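Shared chain: chain A. Partners: chain B in the first complex, chain C in the second.
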Partner chain A sequence: MYDFDFVTPASLAEAAAALEDPEAMALGGGQTLIPTLRARLAMPSKLVSLAGLAEIRGICEDDDGRLCIGGATTHGAIARDAAERFSGLAGLAQRIGDPAVRNRGTLGGSVANNDPAACYPAAILATGATVVTHRREIAAGDFFQGMFTTALDEGEIVTEVRFPVPRRSAYQKFEQPASRFALVGVFVAEMADGAVGVGVTGAAEEGGFRWEAAEAALAARFDPAALEGLSHPAEGLISDIHGDAAYRAHLIGVMTRRAVAAAA
Partner chain B sequence: MTDLTLTVNGKRVTRDVPGETLLSELLRETLRLTGTHVGCDTSQCGACAVHMDGKVVKACTMLAHQAAGTEITTIEGLANGELHPMQKAFNDNHGLQCGFCTPGMIMAGVDMVQRYKAEGKTLDEAAIRHELEGNLCRCTGYHNIVKSIQQAATEM
Partner chain C sequence: MSDTGIGARVKRKEDKRFITGKGRYTDDVRVDNQAYAAFVRSPHAHARVNGIDTSAAEGMEGVIAVLNGNQLTGDGIGNLICGWAVSSKDGSPMNMGPWSALATDRVRFVGDAVAVVIAESQALARIAAEAVEVDYEELPAVVQADKALADGAPQVHDNAPGNLIYDWEIGDAAATDAALEGAHHITEMKVVNQRLSPNPMEPRSAVAIFDTAEDHYTLYTTSQNPHLARLVLSAFYNVAPEHKLRVIAPDVGGGFGAKIYIYPEEITCLWASMKTGRSVKWTGDRAESFMTDMHGRDHITTARMGFDADGKITGFKVDTIANFGAYMSLFSSAVPTYLYATLLSGQYDIANIHCNVRAVYTNTVPVDAYRGAGRPEACFLIERMMETAAREMGTDPGELRRKNFIDTFPHETPVIMTYDAGDFSGNLDKAKAAADVAGFAQRRAEAESRGKLRGLGYSCYIEACGIAPSAAVGSLGAGVGLWESAEVRVNPVGTIEVLTGSHSHGQGHETTFAQIVAERFSQPIENVSIVHGDTDKVQFGMGTYGSRSGAVGMSAIVKAMDKVEAKVKKIAAHTLEASEDDIVIEGGVVKVAGTDREMGWHEVGLAAYTGHNLPDGMEPGLKEGAFYDPVNFTFPAGCYIAEVEIDPDTGDCKVVQFTAADDFGTIINPMIVEGQVHGGVAQGIGQAMLERVVYDDDGQLITGSYMDYQMPRAEDVPFLTIEHNTTVCPNNPLGIKGCGEAGAIGAPPAVINAITDAIGDNDIQMPATAQKIWRALKGRQTAMAAE
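After this line comes the complex of A and B, so read on.
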């Protein structure tokens, strides 16, 4: 690998200050960034490690009953510690990568990376969660801005994601068999006010999106049968060796029905 | 260069290590613990699996400095006078052929048995197969690996 400095800040404030340097980059669990550095697709001269910052780790509830998950919380911790309060999200985290990846990879790293096949964007969009940084709060709909692109500015740290907890929810992922990322993943959430969110990932070049027609049908009746006759258009979806756009469009319908049936 | 202190297989070590050093490089090249294998070097195969503070991680996808202050256990640190039940189970069940994936399989196996015990969950055959998602074996076809972990789960 090429030479770089490794910095371990003692606090969020110190991390933010270290990231003012335009040559510096945040390091979460490194499950995406370390392979990226090794391929020299990014060559920061300084890495600022966020993994040890207690301020941005762990799960708590705010006054509005939202589940607030720190940006440096690992997928493994979310799978375990969110299971009782938000089983849909815990189930999603439990199926990211493998146990070793889940022990290192973090929510903040995944969200900041915005891989078009990443799992969390589906849940964040479906529940209308808020991404919190050390500077501001960003609504789900404004945060994800296309493949590997987000509203984050240089050096901005994802400190937390605040999820309104649905009445019931589930994530269904159809895996791309080699990478095990989502070929298509769908998160369905029935919110406390009866509104329904359907977040889709893996299907489009621009990354996660909401399937509004399905949301309306499910808000009227939360049952897989409510989706009968409804299909997602293939236009604009990814076609590659793993599946063409029509196949992905079909999978969106199948995964949505399965998620509704599985919602708890 | 920066000083790095961590515990490896119960021994405290301090080394002057450049920021870009991988944990797998520190273990294999600096500490000469070559039981931790490097297969894919891209976090897919799990041959490099070690435990950090009791949890499985892939040493090829971690910087050595990310392990500062932690306790690392490698395959060399598992046996305690006699083989660990997981090692013995792989031996008993012919859970390996060429052996390249085996250190990683064993470290992943120990992690899953301990985690399921701690959470009070049953580690059945289906669960073992799912848990092994990040460990690839080019030889065995996995059946005997699964049997080995099943046996060890009853003995650990």
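After this line comes the complex of A and C, so read on.
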């Protein structure tokens, strides 16, 4: 780890101001960033901690009935506090890492990082959620732009994610055996209007994506049987020591069926 | 049995400090004038070093010195060595390539050190290390052992043509070929025993302190054998004569073999301490552990086993290629030869065995002994062969084994081991009963109703522990003797200190060793302390590896206690005016048997040290030392039965039941022994299903962190059923065989045999990942559909 300054802003405005410095980086729960620093893969001159900002922490509902989760809300808090209103998302959060990771790591940090094996992108894409920053609102489809790349500008803080709450939903994750991130994770959501979202993570170099063929099949009939005969192509999927593209393609099918079964 | 003596589940005395965070590890050592080392490591698997420019680093904040390999060799520091000479079958000596602690002209694996920065803090040292510019000329690299032997493969060492270190054999090739020729059935397999990273919880660390006034060095280090470290550092690496070098291995957080060896970093820290006049500390991070701790296993083997019409084994022919990595580590040569091929008879009466072993260099981390060391590779091969043969011949795998078990002892195998005692059928019976093998069909059917495939697999392992008779291993090429030492000191107040040459890095010696002393002298266990790990305190000893501390280390303590007891009896007989033969030590006192004439234990101690009234000619004091040299190896053996359940949709596999019936000889502390089995089986399950070191074709380490290297976790290991079926070892005073490696040796074949049973496809190599299992199932479906 290289030396850096540590800033604990008292408000979102102060945090935003501190992050104007191009050498500064936001620190959420540090579950990704601190190991990155320790591996000497990043050299910020300044870390701006978001952990103390009550303004961007916690869960509420907006007038459209969307669940609004602050960017500095931990996975643990989501697992607990979203369980009643959005059990699919709470279940997803509950299976991130271990208790130490869940009690520190945040939604905003995960979304901003956009690890291609991270879990939330599947839910955000499946529900068509909106990522809110201190500057603007960004639709799910526009936000994730490939492995570790997002629509965020430098210094832009994820303050909230607004989730339309599905009628029913579930997340199924097949773990990469070492890291226990998603080798393949699938979030299935049947929305209030009957549309179905299927968000897939872990499988593609480009990160999370929607499996539209499955969405169409499930919109017609929300039942695992509706997926019969449907398989995801292996092209464009990740091949690494933990699983090749064909295996990942197969797992997308299995996890999707299981997510539908779990949601039903 | 007393509540603290042999056989008692005494809670570990050392755990108070460990679980309250008061353990004192090497990295906890802080001395005045502390400086820190950071190593400049090769990013290439194979390259020529054309130059090192240290000027930028030297000018940086806090940098004390930047040192390189030419300076190190210029100061007379010797190359690292392999201390066990194994010759090829044509009589030629093994080809040991040069290994300098800091590479001078060539680097041979990713992580090979080329320079070291000494600075005022670890952070400054690391920053400066990044500023050292090394001019590398990349060379082609080779990673896989079989590819290293191929024509035209990149050459790792100039003096090892074809990358061949030795081409060795054991057993009678012609007789084995003839036996196979006439066999009724032959089972043939190719088995890969994949490369593993040992992963002790505490990374390696060294603190080197040079005393300019005394020309004396002190080294705190993460070692399983501090005396051996001192000997090698002194006699071979030329750091300092032994009396000018003190090696201390304080609390050590796990070793598994990886901390037997003396590494470039320790040598460099000692030398750098002299060079800079500062004490130098280095603690590896986890990335350095993966990149530089000696790896284990990495064998490719083809084998043929012949059976007669009755299912008796007639011959076993084995051909193994062992990957040694870039350099020959300290005991590397012995692992695939005397620790592997000599165990190829397993638990079976096999008249003809032949094994050929080719050891090869590759551009990877060196490979040496890792929990089990050679024996897991032997056991895995034999037990996979037996299970496969049973399936091929349509017989019960347990009964095929039983038919071939050795049942008279001593038994001499064709691969130079003499098994001294055992009850292999009894182990099998105990395991079968405890595992409820009879109820398996029902469990399998029940699993099927849940959509799961259930399988059961056996493993009947045997290993050789308690290494080893010094003359025997000497005749086989070992550079050292493998005895152990002990000193038992009874203090004037009667408390007892035992100085042992064994070293505890998780094994619980402070408890187990104290138990045998407390029982023998009828003293409270709290009055016994075990001293180890410091060459200034403890007489020369050989350290802990190969499950030797019980069988060899405790035997030395027993020998020393015999001498103490004899003197105690003499003193008591003199004081109590009785015959020595009538003196007994019991109930905490020393007394004349059958009378009320007695002395407190402490009174004997006091009498010995005051010297006021001792028998004529007796020296004062009460302290005795002993060296114990075993007369044979010991042979722990057992039967393990694993059951797995597989999700056919994904290939996901769980070990759902695991039964171990072990014969460890006498057990001192069953709780600690069970703990060893737990850990060993967890590592065995890790090898079977999870762990593997992966390099890409260029020699870059892919599994360089826990994001990619999968250690077993609690959820990967079921609750274990542990049974003991004890036959006492006839060759040492306590009857101990050893238990430290059994789990890691016996578990992998049991698990793989269970998996292959569940999926009906025998061709699965470790680790049996979900993907491999799924693919095997898919292949089977395709094949069945085609039929």
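The working rule: the second predicted complex is superposed on the first by the 263 of 264 C-alpha atoms of A that agree within 3 Å, B and C clash if a C-alpha of one lies under 4 Å from a C-alpha of the other, contacts with A are read in each partner's own complex, and residues count from 1 in each chain.
We adopt the following convention: contacts are C-beta pairs under 8 Å (C-beta built on N, C-alpha and C of every residue); 3 or more make two chains touch, one makes a residue touch a chain.
Computed from a prediction, not measured in an experiment: that's the story for all the values here.
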Under the stated touch criterion, which partner chain does A:Tyr2 make contact with: chain B (first), chain C (second), both, or neither? both
Partner chain in contact with A:Pro99 - chain B first, chain C second, else both or neither: first
Between chain B and chain C, more extensive residue contact with chain A: B
Considering only touches as defined above, state whether A:Ala220 meets chain B (first), chain C (second), both or neither. neither
Quick check on the superposed pair: does A:Ala261 touch chain B, chain C, both, or neither? Answer first, second, both or neither. neither
Go through the superposed model and pick first if A:Cys60 touches only chain B, second if only chain C, both, or neither. neither
Pick one for A:Leu47: touches chain B only (first), chain C only (second), both, or neither. first
Just checking: does A:Pro177 make contact with chain B only, chain C only, both, or neither of them? Give me first, second, both or neither. second
For chain A, give the residues common to its interface with chain B and its interface with chain C. 1-3, 38
In their shared complex, at which residues does chain C touch chain A? 123, 126-127, 130, 285, 287, 649-650, 652, 690, 694, 702-703, 706-710, 769-771, 774-775
Quick one: which bits of chain A touch chain B in the complex? Just the residue numbers, please. 1-6, 8, 27, 30-31, 34-35, 37-38, 47, 49, 51, 76, 80, 97-101, 103-104, 180
Which part of chain A faces chain C closely enough to touch in the complex? 1-3, 38-40, 174, 177-179, 241-244, 247, 250-251, 254
Can you list the residues on chain B that touch chain A in the complex? 2, 18-20, 22, 41-43, 46, 49, 52, 55-58, 61-63, 65-66, 68, 108, 111-112, 115, 119, 131, 133-135
